[in-house]
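Below are two complexes that have subunit A in common, paired first with subunit B and then with subunit C.
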Partner chain A sequence: MRQENMRRIISVASLVIIMLIFGLTSDSFFTADNILNILRDCAVYGIIAIGVTFVIITAGIDLSTGAIVGVTGMLCANLLYYYNLSAGLIVLISILTGTICGMLNGFIVVKLRVPEFIATLSTQYLFRSMVFVFTIREMGVITNKRIENPAILLLGGRINGIYLVTMAFVLLAVIGQIILKKTKFGTYIYAAGANRKSAELSGINTDKVRWAAFIITGFLCGIAALFQIGRVGSVTTDLGNGWEFDVIAAVVIGGCAFSGGRGDVFGSTVGAIFMAVLQNGILKYNLPTAAQLVVKGIVIVLMIVFDAVYNNMMQKRIQQKAREEDAAEMAGGEA
Partner chain B sequence: MSALLEMKGIVKRFNDTAVLRKVDFSVEAGEVHALMGENGAGKSTLIKILTGIYPKDGGEIFWNGQKVEINNRNDAFRLGISVIYQELSLIPTLTVMQNVMLGREETRAGIINAKTMRKRVKDLISKYGFGIKPDATVETLTIAQRQTVEILKALSEESKMIIMDEPTASLSTKESDALFKIVEQLRDDGVSVIYISHRLEEVYRLSDRLTVLRDGVREAVLTKEQIIPADVVRLMIGKELSESTASQNLRKSDAPVRLKVENLTRKGIFKNISFEVHEGEIIGVAGLVGAGRTEVMRCIYGADPYDSGKIEFEGEALPRRIVANIKKGFGFVPEDRRNQGFTPLLSIEKNVALTNYDTLASGGIVKAKKERKLGNEMVERLNIKPNNSQIPVGNLSGGNQQKAVLAKWLSRDLKILIIDEPTAGIDIGAKDEIYRILEELAANGTSVIMVSSDLQELLRVSQRIIVMRKGEIFTEFSDGRVTQEDILMAESGILTKEGQEHE
Partner chain C sequence: MKKKVVSLFLIGAMTAAMAAGCGSIETDSSSSSDASAEAAAGRDAYSEDIKIAFLPNVIGDSCAAAWAEGMESYLGSFENVTFDVYDGEASVDTEVQIMDELINQQYDAIILQATDAAGLAASADKAEAAGIPVITCNLDADTTHTALVAAVDIEAGEIIAREIGESTGGEGNVLIISATPGATKGEQIDAGFKQVLEEEYPNIEILDEQSGEWLTENANTVMTDFLTKYEDIDAVLCHNDAMAEGAAEAVNAAGREGIQIWGVDGESKMLDYIEQGLCTGTVYTDCREQGISCAQMAMFAIESGVTGRVMSETPVVKMAPIVVTADNLSEITEDMRW
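Take a look at the complex of A and B:
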């Protein structure tokens, strides 16, 4: 069996297992409402995770996604409050802002040759600072104003019980998976991550590919921000704070490797659902907050450790197999 | 037949050293042309000029009779020249098909047309009878299979010339045989193959013509009928060498045995390795790239595991931990100096200290004065230049870097030093100094195991020489006179086990 398929089965299996654990120990887990809630909760992170999947497959990382959501959301709130722009314009501006942030990340990484980790760590500070530039103030005091625009608020709503954000997530994930697996660009994403030099020798402009991955991530952050403000109906300065780590955790649980070249959007979707199930299920136990966080932390550490151990094991097995074949042929060839 | 490729009067200099001195080289369409020469003869430089990696300092290149300029890899690629790299250049997590078609995917409405691509790759695979599946992930393939994927890639690009650089270095006998068939098939299809190898038997079997380079000069071009292995060896080595470096009287040591290796085997890498090293003895380990020399040394030192066999040090089983072995008096100078030998950003003093903190520190606190003193001592003793232990080792010349690596170990009470390619990339003056250091070390009772591909070096320094071939010890020269030709014939496969030449 291909390693990819094996890894896929394992991540789906661990999702099923934690769902069973929560389902069997709590009456309120397997209810239609709760499942729909989980599918809503995973969607915002999931949309961002699609982009981060691209970045991590190119062997990169993006630490600025939460801050991009923050600055985009705050800018929208600001424009809605002070200028009462139409929903259409807001959607456009939001997506554009996210995309520009992604372009900046890509520019710093690809053109200025700054390592991804440092580059996006620094832009995170920049984007976070911009949040405060756009904050709504009254008499100099930061004020949290409700968003009144009905069309924007509609983004937080649902059709036939299913949240719009869930639908958007499914649609974007399908598109993302098709791009990754069925287009040249997708193949180049893998090639750029798994063996950049060799990809370049095959005539692939890996700079362009990596830059595009950052732009896609920014674009998706813009979309995620829209759904988030539509759902909450207001924007605080800590919008998106720490999201980047939940997103990265989801992507890694889904099977992407930091070394690049591995994983896909389907896996990251499973990872995002896993994170949402975990968050949701723990709440059902009525544990104190500290205990909830501890359980969540432990499960994530276990998943990540498992992933690393599993990858090392598979790597060893592949090498072992190759060596044994060599040994067999060595013996056979000289007999 | 007209020449597909003609290189005329190619000159290449590095700094002031001429590496290629007006070399002519021509390859006809549909021939297998072997390129031979000792390390440093200029083979790789010539190939790098042909593939646009190095610019040439003089000479002309003709392709199908037309003068061409090859300024980068793309120029070479456009002419139809492909290289099967020694370090394989595939994308491990993609499939065979994706790798073969990388950069030339077929799409319909932006979506990859996997069907037609798979068919193309499948057709190529069945045409050449390669035993691989288009949808296998490359990382699950053996080295030999990966090499086939590279050849597939070249074929799908409709290359007219495929360059293979030591293609059998990491292949088993059976895999090599399969590769030879492929090479013959390529030739029959009109593809030219430039075949670089040290293995004379392969070259003898495969090539239509053979060009021998020596010291940057074309020594001879032989046709198939003219290829006589012993002559080729003589052409590679040259005749005007002084007697002292061309041959050497070997001598067995009477001193007690310090290291005894018995039937050491690591599956698929080396097997049944047995030898002894005496006190104060320098033993040379000869063999071609891929013979398993470095692997055996890493294993003895404790860096890699083994599957069966025994290693005894002074009569006791050797621990499998590097730290314990260092305490016992082991030193290890690896082949890949820059990545494994030293820490480039740290000073000479700190690099030396790294192996000496058992005496230079107490309770985790470094005794800075002692550290400085030891650093200065070693700079003095090994004549490292510049004469300043505060300089980062990365800033030194190759020879002085190697001395700094030696300093890490010579600063300890050394019982056995394993040194892999001691003078690779080092200028002649520094080479002599390093030989002197090794000889002094042995005179003071340290045993030295020296892996080397440099025949002159092996003969000059070693008291006994072990020759490895394909993961096994092929023979040992332990007494009497031995010449460069003897070693070269033994390691490159002209001699059979009985010491006879192939017919």
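Take a look at the complex of A and C:
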């Protein structure tokens, strides 16, 4: 069986196991409302995770996604409150702002040659501080206002029980998966992450590819921000705070390797659902809060440690196989 | 290429199928307005199985612990009542998610400290629409719900402004170490404080205002910086006691005297600081008592069926503020300390 399929089966099996554990021990887990809630909860993180999948496959990292959602959301709230812009314009501005933030990340990483970790950690501070620039103030005091624009609020709504954000997530995930697996650009993304030097030698402009991955992430953060505004109906200064870690955890649980070149959007989608199920399921036990956090932390650590062990094991197996092939070739030559 | 076209077509078809048959998009708020006309029916809260949840902004602070303790002490007297505490992790997103979860688990009442009034409004609406009374504790949700049980915030700012105004004879320099920007409680204390100074004590100047982000150590750093910048400081307002304690340590370390330091909350450590002369005063709220009030309101709403759905405005229960200085410290007896 191909390594990729094996890892995919493990991700899905982990999700099924955790769902069964929660489902069999709680009456309120396998209810329609709860499942719809889980699919809603995972969707916003999941949308961002699609972009972060691209970045991590190129062996990069993006720590600024939560802050991009924050600044984008706050800018939209500001424009809605002070200028009463139409929903169409707000959607456009949100996506554009996210994209520009992603573009800046890419510029710093690719053109200024700053390592991704440092670059996006710095822009996280920059974007987070921009949130305070765009906050709504009354008499100099930061005030959070309810968003009244009905079209924007519809983004938090549902049709026949299924939330719009869930539909958008499914749609974007399918598109993301097709781009990764079926297009030349997708192949370049994998090549840039698996072995950047070889990719460059074979004529791939890895700088462009990595930059594009950051832009896609920013674009998706802009979309995620819109759905979150629609759901909550207001924007606070802590919008998106710490999201980057849940998103990265989802992507890694889904099978993306930090070393690059491995993973896909399907896996990250499973990872995002896994995180939402974990969060949702733990709440069912009415454990003391400290215990809830400990359980969540332990499960995430176990999943990530497993991924690292699995990754090493597979790496060794590939090396072993290569050695065997070399030996066989040499033996054949001698004969 | 053909495959790609087919895939894209499938995506389009799938989305269309999901949306098919839809009359309209339903939001959390729209479902609540549909249900708002429904008549409320009470239940026997003292014999039926009842589940009540408490969702504070964050469980890690002493206020939340005291509220939970108060609620537990009261609700624990009834064997039929289960009481659970959840952590809002100081995040609107988390609170919104947990609210959905509590509605899904069909709690009978939710006591909520809304991290953000506007941000939790839709969630409170949704819970009320599902027949679950929402009682907000200290931090309000920006929508009509069953009740708000609040410690004074704006009033605390006003009280401290008057205390400082009177003790300085209406003249002097004041500094503010504020909450995390955007935090509703901090904003309210700030608004009350500034308004009174502006209207009643125009000769008191606010020299500077920096955020200590609710934390003792950050407030200590901010105050240390203030002390190097400003020679003439008469008083410092901190938006909570934890920050007042940090500021007091900075003043003490610098060996400066004659600076009043005020906090808000009345936690026991602050009372010790006041006793030792390190801090000047605080606006004390009996948080355990406040927790009990919230729990009583929840039981009342379940028993009577009188919830936010039958009200045009959220009724407010305000806790009595007690200004505590070294002069009246003994009024806060051991059993009132938290």
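The definition used in the following text is that the second predicted complex is superposed on the first by the 320 of 335 C-alpha atoms of A that agree within 3 Å, B and C clash if a C-alpha of one lies under 4 Å from a C-alpha of the other, contacts with A are read in each partner's own complex, and residues count from 1 in each chain.
We adopt the following convention: a contact is a pair of C-beta atoms (placed from the backbone, for glycine too) under 8 Å apart; a residue touches a chain by one contact, two chains touch by 3 or more.
None of the values given here were measured: they were computed from a predicted structure.
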Inquiry  = So in the superposed three-chain picture, is A:Lys184 touching just subunit B, just subunit C, both, or none of them (first/second/both/neither)?
reply    = first
Ask   = Once the shared chain is lined up, is A:Lys111 touching subunit B (first), subunit C (second), both, or neither of them?
value = neither
Query = Is A:Leu201 contacted by the first partner subunit B, the second partner subunit C, both or neither?
reply = first
Request  = Kindly classify A:Lys316 by the partners it touches after superposition: subunit B alone (first), subunit C alone (second), both, or neither?
outcome  = neither
Ask   = Regarding the shared-chain residue A:Gln292, is it in contact with subunit B (first), subunit C (second), both, or neither?
value = second
Task = For A:Arg262, select first, second, both or neither according to whether it touches subunit B, subunit C, the two together, or no partner.
result = first
Remark   = Per residue count on subunit A, the busier partner among subunit B and subunit C is C
Key: Touching partner for A:Gly156 - first (subunit B), second (subunit C), both, neither   = second
Task = Quick one: classify A:Glu324 as touching subunit B (first), subunit C (second), both or neither.
result = first
Ask   = Considering each complex separately, which residues of subunit A are in contact with subunit B in the first and with subunit C in the second?
value = 178, 182-183
Ask   = If you look only at subunit C, which of its residues touch subunit A in the complex?
value = 3-4, 7-8, 11, 14-15, 18-19, 21-22, 25-30, 59, 82, 84-87, 90-93, 96-98, 100-101, 104-106, 115-119, 121-122, 142, 180-182, 184, 187, 190-191
Key: Residue numbers on subunit B that touch subunit A, as the complex places them   = 73-74, 89-94, 98, 102-105, 107, 110-112, 114, 137, 139-143, 172-175, 177, 267-269, 271, 470-471
Remark   = In the complex, the residues of subunit A that touch subunit B are 2-4, 178, 182-184, 186-187, 190-191, 193-195, 197-199, 201-204, 261-262, 318, 321-327, 329-330, 332-334
Ask   = Which subunit A residues qualify as touching subunit C in the complex?
value = 28, 31, 33-34, 37, 40-41, 132, 135, 139, 141-147, 153-154, 156-160, 162, 164, 167, 170-171, 174-175, 178, 182-183, 228, 230-243, 279-280, 283-284, 286, 288-289, 292-293
